[in-house]
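We call the chains A, B, C, D, E, F, G, H, I, J, K and L, going by the order they appear; numbering starts again at 1 in every chain.
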């Protein structure tokens, strides 16, 4: 049995309400609840957290040390600008998956670079809400394989 | 009748107290109050907000969705580093004006690039406290023209 | 009482006739005449000049030395390529405002750089014909403040 | 019922035989056969192709036009150098997923850029053989959603 | 007698708990307490502050205006990304020393650039917890020299 | 029946007199006259213009609005430096072909970039005086195809 | 009487079947046949070759040594990535024209650079199938002039 | 006996009237007259020309073909932006010296590059009006040596 | 006793027939035969392979796994563009020497970078056919030293 | 008991005599003597060396092999240009501290890069003569900790 | 009466013996002696120095402090690589002229940048041995003007 | 019979004593003596020189003019920084081979560029002490071929 933490960064609380052509119509609550049901069935313990504040995200990751087997993180805009988030993830020594709803490579050039990707287990982007399912499956397979 | 939101980013609460050779001697409170008087006379509803925290600024912009016709934003240092602020503004789908007290082009090179400018209605910089008046006039003209 | 000079660079004589999605439908003549009426009322003396030739623009700026308190300049394409215009403005030692109809930051990347901006009093872009009004107000406030 | 094509580029026929610290110990045959079983159960028709030759990969993609609903492609080294592969995929107008066994962002800098990613439905990297499962699930969800 | 402020940025609260090969085994509390004892003996008043939030760090620096003779700052990840912190330090007009536990020049290339260094009194990096002692000695010598 | 305008930029009046190893021995007059004969036979109306002045070239293009179906332009040195010419061509909304006598790609690196090419119907370079014939044929085919 | 070779690179066999908004509706066969008729009438011997394989294109160019007076080449994607093709063309010492259906300067930035252009007789791009006619006329004029 | 041409570019007619800290207090007329006297004494024929217009400068250089043994040129701002001037000078096949009053290397970075220097006989900068004397002496020595 | 493989990339089959000023007059057959004689005498088993196809070169390297003690490779143009070749060499885990006939550093700038060099035992360039002898001696010394 | 070597590079013999606004008024002799006294008291053996010659500095470092426990080096201008000095330090395998009197980050951009820093124990800059004291304390703490 | 120092850097002792197409046929001794005669006549005291060693050149410049009114320096290769020379010249606070025999702008790109030029009184290049005469005249005029 | 000169640059006198994982265990004396024996047998006259001083290396190369048929140079760190060495080698007009013990392409990026390579006969790197043997054989073959 595994403990997972799903972290969503800035503006992802707007999901389903903003720019549907880029981010789709499903809300974050609905995505989290779908994932929670799936996790429950499989005996996985899933915690979720969203914040628009870089500091609060760092705090949450630090709190996860010793509590959590892996992190799924959609850091949104902070993917491209936050060395602090990178340091929190590396400092926590918890394996993590980076995920994105949209395909970041088809957007503005400053979204092509990630400060988290090179140290992630893996990266998934572009599948909309399905990206969360894939990240969940990917990290779970990784954890089972690690054991 | 329009609802406007004026947002000021990090360190702008120091206005009138810091580096007067760059930022002048008028305080932010005085700037806001002058603008408020003008707005009242013209039947415009003006809300104001200042924070040093990127996350709090994102929260405030999100709160404005559906409440506000346009935003005037002096994002200060976050102009040059915050993709999260950009995402909040674009996600809100509220038209906005970017403004600066000082002429950002005559300062350090990392201030020459703005992450907000390309999607703004317009940009104003260098006129000191007068920049707020010009931004107010500019965005109001834009809103009237839109109608 | 102030003497102002409004300078328009290459292709701005086409205003109202070309690419309306970028530049709008108002002609330069109409913009100049609106501004002239406003200036007259306020006892400001406004001269205007437009040319497609870099050399003629330099000549006009030189002629303004000792005649003019401030310059409003929409240098169009020369904003991005003319060191000669910069030299004329700096050589004249007349304060100036740089203005643009369109938001230059949302256009081709070679329009993101200005050879005039760092030495301008201030910069205004993106408000269409309203940019001229804002520039006028901005430079006037600057001159009154200077006194 | 869907027709899928799985394409593997240069050196992926060495899987399980080379650099296990980077690519793991499972062979390509075993990966393809696992995926085939899964596809069969779900009534999906899966074709597979591997080649070390850029031209042969282009040929295979062209042959898929009108035959295939989506492509999963691990283009290996050609991900970073082949405009021809990009043109074949775009010319075919078949949606595709880009996938990688290793996390390309933790390797040499010339592997950080992909010529295929910006036009892909989505991108998956770093999960080892599991990347193929995730790509399969991702593209299938996409196709069902498209219908 | 001097008033000093020691500021520690994001993830430095993890000191002694994370990545010991990079940051060593001493905790921040222990470093602060050692420094406090030394300061007390020498009749120096030392305040300390740590936060993971950029905004909170800016707030703290602003609060120090008029209260503090100098700042010692280990801004951690924000050293490389925060223009807001730079603005707070410059706006406060308080002299400061930049310090780092690890040698930032032997780490990832995005850590080679500091947004604070060019305006600092001096910079110290690489001596582990000893960096705090050196920074303290350095800034004290600077203050005595200033008098 | 079509109206065409052939524009030649700076120093092309020296053709046949300067640097024959680069530009050949035929004069501009002879090229224009050859092209004129061909045009006459085919019932095409051809106007020609050459100037060393960027402003005069802009003026001429503006004058062509509403008079001319297409422009053939050898902008010479201004190809690489004149945003004003680009703006005139785009503002005129007249389709144009960019042409060069010499192969610009085998010359100094600052000649490898064109400010006109991306919005041209097509580009022809390197065929000497024959480039004019090819440009004429190309633009005529384009116009007939447009009809 | 001349011997010409027309070479088409990767994906050009899809002409008329793919992305008509970029490449038009005429097939490669039809283009080749039109050109063949023209050549026959003028007593020119025209061979044609298309391949998606870089190696096969190199082989074909080598085979042309001593057989062919000039080459017309639309190298498609290999224009931007193949040093091998450049070496084959230079090694063959056969004069060649580079041609493109679309205007490569209005497409992705990695298509703005050509590894063949600086050593070509001339370059033609953007005229659709007409580009082949222009290249044929251009290279024939070159050959006659060489004699 | 030699014929020399001295060309001065944009804003140099302001000499002695503008920015004396950069350009000194002597006027262009006085510089030209001093040089003329010296030339007369030595039996050298000196013509002078100044214009703010790039096109007029190109015209003047073309007119000098066959009339002049060497050119001394202070192209001012056009030094850094005018490929047309370069083409005129190279097209004329007249040897030339590039000169500047101020030391261009101590000014803005866009003044560090010259489009004329690599093909000049020599370059002189920084000696104020004395630069003209040195250029005169240098080019005369060159011409005598050539003979 | 060692087994060596000599691989020659694109256009090297033209040796002795093309651009003798760069590549000399000796044919590849003659180079291979000279090397073969030398190898035979010393009891070394030498296989040779040349292809213009990137894929065929990758195939050949893969085939060498377990058969060959070291590879000498003159990858020609693919040195600078083929990540696939790099992957094949690294995947094979066979030590290799990179060699060139000409001095690649005195040619076009895109030949200054090699995708193979950093993982090679050593690199030799510029000695003409002698480069093959030196590479043979160098790799043999390396193998003997390894034992 | 430790043996330390203090090395000063080019122009540091001018200390106290040159550019006092940058380097202060204390001479190198006085700095060395102060440090010597301190070292003597603490039973540390301190040798000093200054040279303007890169080669002499390399020679001195080599001579220190096996004689010295650590080096303090203010390499002055050679910090930014000398790979030879780096090689000598690394080749000696002696731990070293890099130090500077002035804050190199507030000076010309070519002083922002150090060829020594990434392999140093630590770096200290900006504290004037106090930098030597801090470097001495830092390296001593490092040596004691190493034991 | 003035004291001047002429410094020549590495390889200038080869003048007249090496690469005459670049550097001419006159020896350094002859250049120095010509200049000496001229100086003597005009009551100017001229010292000369040449060395291939960067350190010796720095030593010589330091020795000139307080002895010399101005320096003429042809630093040869060190112009482009020596920060130490720059520091010596600035530290000496002696005005200097930078001079070159050849036109450095027409040579390799690494010779286009000078580490000395921005702080020189002026720069002269390209006139062969005459460059020394011009530098002498230029610096003398500067000194007389300074008085 | 030939006269050869072997030059070794900075820190190569440490060979066999420093960083054996990079440079091996053989001393420079032993390498030189091995090479000397070989040369003697073949009737070749070999001189050797090593210095840590750039100036001394330049002096030695100059001394070789007219005495030596070819130079073998391992310039060590100066390979990447010394334009003076390049000038000495080119000025001497003696053919030279550049050689390195280690593979410079697998080390720090500032070692990937050589200021000597483009004008060398050939370049050899990565074979340890064997690099000297290969360089000797290579340059001898070159000299015999020249005759």
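Methods note: a contact is a pair of C-beta atoms (placed from the backbone, for glycine too) under 8 Å apart; a residue touches a chain by one contact, two chains touch by 3 or more.
If you're wondering where the values come from, they're calculated on a predicted model, not measured in any experiment.
Asker: Show which chains lie in contact with chain E and also with chain I.
Answerer: none
Asker: Treat touching chains as neighbours and tell me the shortest step distance from chain E to chain J.
Answerer: 1
Asker: On C-alpha atoms only, rotate chain A onto chain K and read off the angle in steps of 5 degrees.
Answerer: Going from chain A to chain K via C-alpha fit gives 180 degrees.
Asker: Between A-D and J-L, name the chain pair that shares the greater number of C-beta pairs in contact.
Answerer: Result: the pair with more contacts is A-D.
Asker: Can you give the whole-Å distance between the Cα centres of chain B and chain K?
Answerer: 55
Asker: With centres defined as the mean C-alpha position, give me the chain F-chain H separation in Å.
Answerer: Roughly 31 Å, centre to centre.
Asker: Indicate the whole-number Å distance between the mean C-alpha point of chain C and the mean C-alpha point of chain K.
Answerer: 47
Asker: Of all the residues in chain G, which ones touch at least 2 other chains?
Answerer: 53-56, 81, in rising order.
Asker: By the document's touch rule, what are all the touching chain pairs in this structure?
Answerer: Between chains, contact exists in these pairs: A-B, A-D, A-E, B-C, B-E, C-F, C-H, D-G, D-I, E-J, F-G, F-H, G-I, H-K, I-L, J-K, J-L, K-L.
Asker: Taking the touch rule as given, give the residues of chain E at its contact with chain B in the complex, in rising order.
Answerer: Those in contact with chain B are residues 53-56, 58-59, 62, 65, 81-84, 86-88, 90-93, 115.
Asker: Which positions of chain F touch chain H when the two form their complex?
Answerer: Answer in residue numbers: 9-11, 13-14, 17-19, 51-56, 76-78, 80-81, 110-111.
Asker: Chain F touches which residues of chain G in the complex?
Answerer: Within the complex, chain G contacts chain F at residues 103, 105-106, 114, 117-128, 130-131, 133-134, 137-138, 141-142, 145.
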